[in-house]
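Just dropping this structure here.
Letters A, B, C and D name the chains as they come in the text, with residue numbers starting at 1 for each one.
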Amino acid sequence: MHFQNPVFIPGPTNIPERLRRACDLPTIDHRSPRFGDILHPAREGVRRVMKSETAEIFLFPASGTGGWEAAITNTLSAGDRVLVSRYGMFSHRWIDLCQRHGLDVTIIDAPWGDALPVERCAEVLAADKSHEYKAVLATHNETATGVRSDIAGLRRAMDGAGHPALLMVDGVSSIASMDFRFDEWRVDVAVTGSQKGFMLPPGLAILGFSQKAMAASKEARLSRTYFDVHDMAKGYAQNAYPYTPTPGLLNGLAMACDMLLDEGLENVFARHHLIAEGVRAAVRAWGLELCATAPEISSDTVSAIRTPEGFDASRIVAHAAQTYDVAFGAGLGEVAGKVFRIGHLGSLTDVMALAGLATAEMCMVDLGLDIRLGSGVAAAQEFYRTEQGLRAVAA
Amino acid sequence: MHFQNPVFIPGPTNIPERLRRACDLPTIDHRSPRFGDILHPAREGVRRVMKSETAEIFLFPASGTGGWEAAITNTLSAGDRVLVSRYGMFSHRWIDLCQRHGLDVTIIDAPWGDALPVERCAEVLAADKSHEYKAVLATHNETATGVRSDIAGLRRAMDGAGHPALLMVDGVSSIASMDFRFDEWRVDVAVTGSQKGFMLPPGLAILGFSQKAMAASKEARLSRTYFDVHDMAKGYAQNAYPYTPTPGLLNGLAMACDMLLDEGLENVFARHHLIAEGVRAAVRAWGLELCATAPEISSDTVSAIRTPEGFDASRIVAHAAQTYDVAFGAGLGEVAGKVFRIGHLGSLTDVMALAGLATAEMCMVDLGLDIRLGSGVAAAQEFYRTEQGLRAVAA
Amino acid sequence: MHFQNPVFIPGPTNIPERLRRACDLPTIDHRSPRFGDILHPAREGVRRVMKSETAEIFLFPASGTGGWEAAITNTLSAGDRVLVSRYGMFSHRWIDLCQRHGLDVTIIDAPWGDALPVERCAEVLAADKSHEYKAVLATHNETATGVRSDIAGLRRAMDGAGHPALLMVDGVSSIASMDFRFDEWRVDVAVTGSQKGFMLPPGLAILGFSQKAMAASKEARLSRTYFDVHDMAKGYAQNAYPYTPTPGLLNGLAMACDMLLDEGLENVFARHHLIAEGVRAAVRAWGLELCATAPEISSDTVSAIRTPEGFDASRIVAHAAQTYDVAFGAGLGEVAGKVFRIGHLGSLTDVMALAGLATAEMCMVDLGLDIRLGSGVAAAQEFYRTEQGLRAVAA
Amino acid sequence: MHFQNPVFIPGPTNIPERLRRACDLPTIDHRSPRFGDILHPAREGVRRVMKSETAEIFLFPASGTGGWEAAITNTLSAGDRVLVSRYGMFSHRWIDLCQRHGLDVTIIDAPWGDALPVERCAEVLAADKSHEYKAVLATHNETATGVRSDIAGLRRAMDGAGHPALLMVDGVSSIASMDFRFDEWRVDVAVTGSQKGFMLPPGLAILGFSQKAMAASKEARLSRTYFDVHDMAKGYAQNAYPYTPTPGLLNGLAMACDMLLDEGLENVFARHHLIAEGVRAAVRAWGLELCATAPEISSDTVSAIRTPEGFDASRIVAHAAQTYDVAFGAGLGEVAGKVFRIGHLGSLTDVMALAGLATAEMCMVDLGLDIRLGSGVAAAQEFYRTEQGLRAVAA
């Protein structure tokens, strides 16, 4: 393993030096006050990154899937009805998890590449006069298709229907990279992980719970121990965990939040948008299309790029890995073989993005696609330099 | 945080340089073949450390508590009867977890400081002619009391009763430090973590499943997704995980196993025994007693030391941390305030152990206990040098 | 400091993970046998990288300038005549050093961008019937101009003249990246540093001495202590240094040699040549010229690129640093303001090189040069993919 | 190599986590402004640690021996007379260096274990009416014997004689650990290294030059290039070096100075004194004697301990390394075989020191010396706990 080239998978992302070091913490006593000096700033930082004043933040040693499980097992009981839309692999998987835990899931399917169909959700909720739905689950950014959904709109739909269901949002590949407003959208449970916008290694499921969700957790009967938020809250009150925590990752998380907040969240989002726009300019220059069906729903953290009919897009991923030692993301589920994905979140620069685009071009040409070398790079360069280079020269 | 002195908590342990570096892995594509080159050696290494030819090894991004949850949710169904003995905080917690998941737990209480009462278990099992008990749970090494139990004996008791229950063993603070024989003892589920004998940071729940446990998992109805061994096995078959794994910790685990196996498991156990014997010699020299009620059940990974009646043992832990920047373990549960604990597992030398003993002496004298400075150190030195120093001089 | 983008200075180079870790060695006793286990493999590795069977290798904690000083102070006496050609900043500096130490330096000036004028050297040597010249000094790769000189030719010239002078070669930016044949060329003193082809941080002056140079060192009267090779040799014989060595860097050097030799020196050279050819293709596509006046003398480790008359090339370097956080090399001495330099040695991939080329393009366009975005990148891509990508697809 | 036990050599010392990381810097462009942000704070920090307002600080990529060479070659000319006292291996070596560079050295020998004989120096200087001596050289802390000399007294002697010679002080093992007053003592050249009180890896020779020394450097004729302070000063004025610097070590040095100044120099000195006093209490308890012939000249950074007549002290060092993996220092030169040395400088705690003392005891007993195990440890414990433990309990 040489680790020379950056990775372009949609998470885990490239990790900044400072965060690698923060994570590589020598052993500390996780029952000492010293641990609290790591834990509380990490939780407070996450709360601020989620744009919340009041969310209870829970940090489980787990992946995002563990976060999904924590979200539902702490708030729901067997047989509870939940409303979910499916428009990609990750919304699909959360649905599967709900079903395994005995929830009664109403699925609204949308084409992969579309965003969450807010209108259809609104209709279902408006029709649910007796408030059978205990929760509405939404995937903010579908990592499989590179599509961002409208959580504010979903909240408006719920409010329009006067529906009291909990709003649970998978923000795994959006939080800390794209605008996410826990309080303003009145999110009840937000789920994310350490390995995306926080630019850390995987290993932490990060959740925000509203007070309403905390109240629901007292009634929730789905079985849980490892992911129990009450045990966790009791631990936090004593600067501790109910079990052995991961101090290194928590230390990294505290520092990641500092870095994000020091840069300014809006600057962080703008930076992701800038890089994403360059990638999208390249895709247009190649004459290809995004999986995302409309510009306004294109994700700023990952681009899923459709390859021509009859071409197996996964060949690009394999060829890039074998020949150029560069990692892209393959298509998943319904879009397997139809798209390849360029992750552009976390710790990435325009310069690094250009290396990824140049590599994608070489791969596509190597594999016989009708792409002009340098074309996408030039389009992205033009965008980046106009946004940044010209400004610097003028200044 | 200065990180100059070693820690003497019973895990997480001091981490060897090589393992810190192995864990601090730059981002790799966890869906690439490269990941398999980490995953499979790690699993194979763990299997060998558990002394098994056939165990299925599962590695969850979680703590040991997650491992307990994985053990029962994958093998049991609501209402199933399980037999457990309680003789310390960690056996207590596993029982609590079972109850939360709706199991019908028969508890055999033993005094904290005693080992698992094999005879009483034998009686219960012998009486269970209809084989109501689906599983027997045992804590191999009670970290709270520094007591090792006789798993071989428990297996003999089960065999003697002709009982088909699954044998599940918490080996969190024994495996990789003390002799553990998955195959010979016909353990069905073994649970451990990365942060003890494997000398790694916390973050991995490590499980071994026998083929019998795998078969049971097909019938088990307790709800699970994150900890599902079938999803995990399916992932492993494709060099992958069902969700985002933690490549750094897995890389560390692979290397930790290499280090342990290169040293030789029996040498690793002997090393732990040597250091533990020195600590026990010091305790005797101090005129204090171990929590462990008999020499033959004393743990080689942690010593819980009883302080005189009326003295709050937790003061030693607090004073050591504040004054000398040294971390010991406090008493938990029934022995809170009555014992303090010296962890002596993982990456530790006799020289480091002497530093811990010297510090404990200073703390006890500072706090008014009638201990002679240097007395415990001298007893341990005598032991260490006889075992090692004299041999070297003779050679 | 973000450290996200690679550096494109002609050394220090990007450092591979493994080497950073090897250098970051905890403190060891440099007077213990353990130190010898680092020292001797490092020296042996360097000897093999220099393609020598018999060179005495000396490793001083110093920069390459220290290496120059060690080369002359150990072999020459005040007033000794030496023959040197000047064709760039680094040959110029070595001359200056010689003069400061009281040597009588005959300088053959050549235009910056030309290689060492072997013919003119041959004439001088042929005319030197009384063998006044005690040494001939040559800069194998002029880092300032990106020019490789013909050391084999120089040796032939010396042999042709039957001249017994010592042949001292500055291989700072060639050794371990470009073919260097200590034995075949009968080099007497070779000088290099840790921070170029060895891909390490700076801090080691690395020298190879022939037996003839060792013999000369017994007569040499220039004053020296720190750089004395006899003190050093005496130390080495006892697994030690005459003063405190830098075990971390030496450990890194041992590993760097292992990496280079495992890859195969010819493969290492081919890799550098491949990347360099891509960069040169880009320069041609931009319509610019190299400082190197002929293709066959173009360096495989650094390209100095002439910018159009009237344009200050150093603006590119400053703009790249400020706007894109990318480091290129500025022109030095006679070519200051006339060239900018792209370093492409050490730990670099074609993908990283493309990022550098893309950045150079943005900078040049930002600053008003008539360059087409993507043009150089496309030329390099075409070269890289033909060499590597096509082969992989065909395989 | 396991790196578990601390080292007890008198430098290089144990390195704090933060400094290891600061040194392990990714490659930066050492010709960019960014480099100045490392260089200038490092120089400023060193100046403050030397207690100077005006010293010019020079940082050479070299060991302390390089620092000695820089001191004399920049200030003296061949044939210049210098006055030096010899009372240990390091004063001896500096003398040797002076002689090699053609200085006319007057040596005042004192028994190894004594401090610099100020009175005898005073006499020589008083007799030197024509001010033939251009410089007086002194070793502040003799690392070989564990003896601190009286530089303030030497300065008084020079002043008393009205002698204008330069005062050059080797503070390699004193500066940053013991009180050193560049301005108050009117030191002209102070020499130290990165690997002692600054707690860094070796690799930097650190010098302070007074204005008087800078003036002398304009006349000095000893040959030098690598160690030339004028080239260096010119580089510094442009945020650069005259050659490739070691940014990692400089970054570490800047942080080391921050750590020392944040702790407070007097606290740093007190900490070293505390640990040293504990070690000395242990030596007394063992019934052994220090090489230092009087308590008031005992070094706070290293203790050289005399072993009984007829016993080869180097056996302790070898046995400690082989059997306990602990590094002590051997005796050097005249005291080889007669002393072993415990280094107690840099990053060390009382707890770590106790581990060293306990190990020394085991070694001595293993090798047949009549030492009671635990005796020295107890004496040191009593000292440490009275100084620290009791205070904490009282607070």
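Rule of thumb we're sticking to: a residue touches a chain if its C-beta (ideal position, glycine included) is under 8 Å from a C-beta of that chain, and two chains touch if they have at least 3 such contacts.
Only a predicted model underlies this, so the values are computations on that prediction, with no experimental measurement involved.
Distance from the centre of chain C peaks at B, each centre being the average of the chain's Cα atoms. In this structure, the chain pairs C-D and B-C differ in their number of contacting C-beta pairs, and the larger number is found at C-D. Rounded to whole angstrom units, the spacing between the C-alpha centres of chain B and chain C is 54.
Centre to centre, using the average C-alpha position, chain B and chain D are separated by 46 Å.
We define each chain's centre as the mean of its Cα atoms; on that basis chain C and chain D are separated by 35 Å.
Shown for chain C are the residues in touch with two or more other chains, namely 3, 14, 17, 26.
Within the complex formed with chain A, the residues of chain C that make contact are 2-5, 14, 16-17, 319, 322-326, 347-352, 354-355, 358-359, 361-363, 365-367, 372-375, 377-379, 381-382, 384-385, 388-390, 392-393. Within the complex, the chain B residues that touch chain A are 1, 3, 7, 9, 11-15, 20, 23-34, 61-66, 68-69, 96-97, 100-102, 193, 195, 201-203, 222-228, 241-249, 321, 327, 329-330. Residues 17, 21, 26 of chain D touch chain A in their complex.
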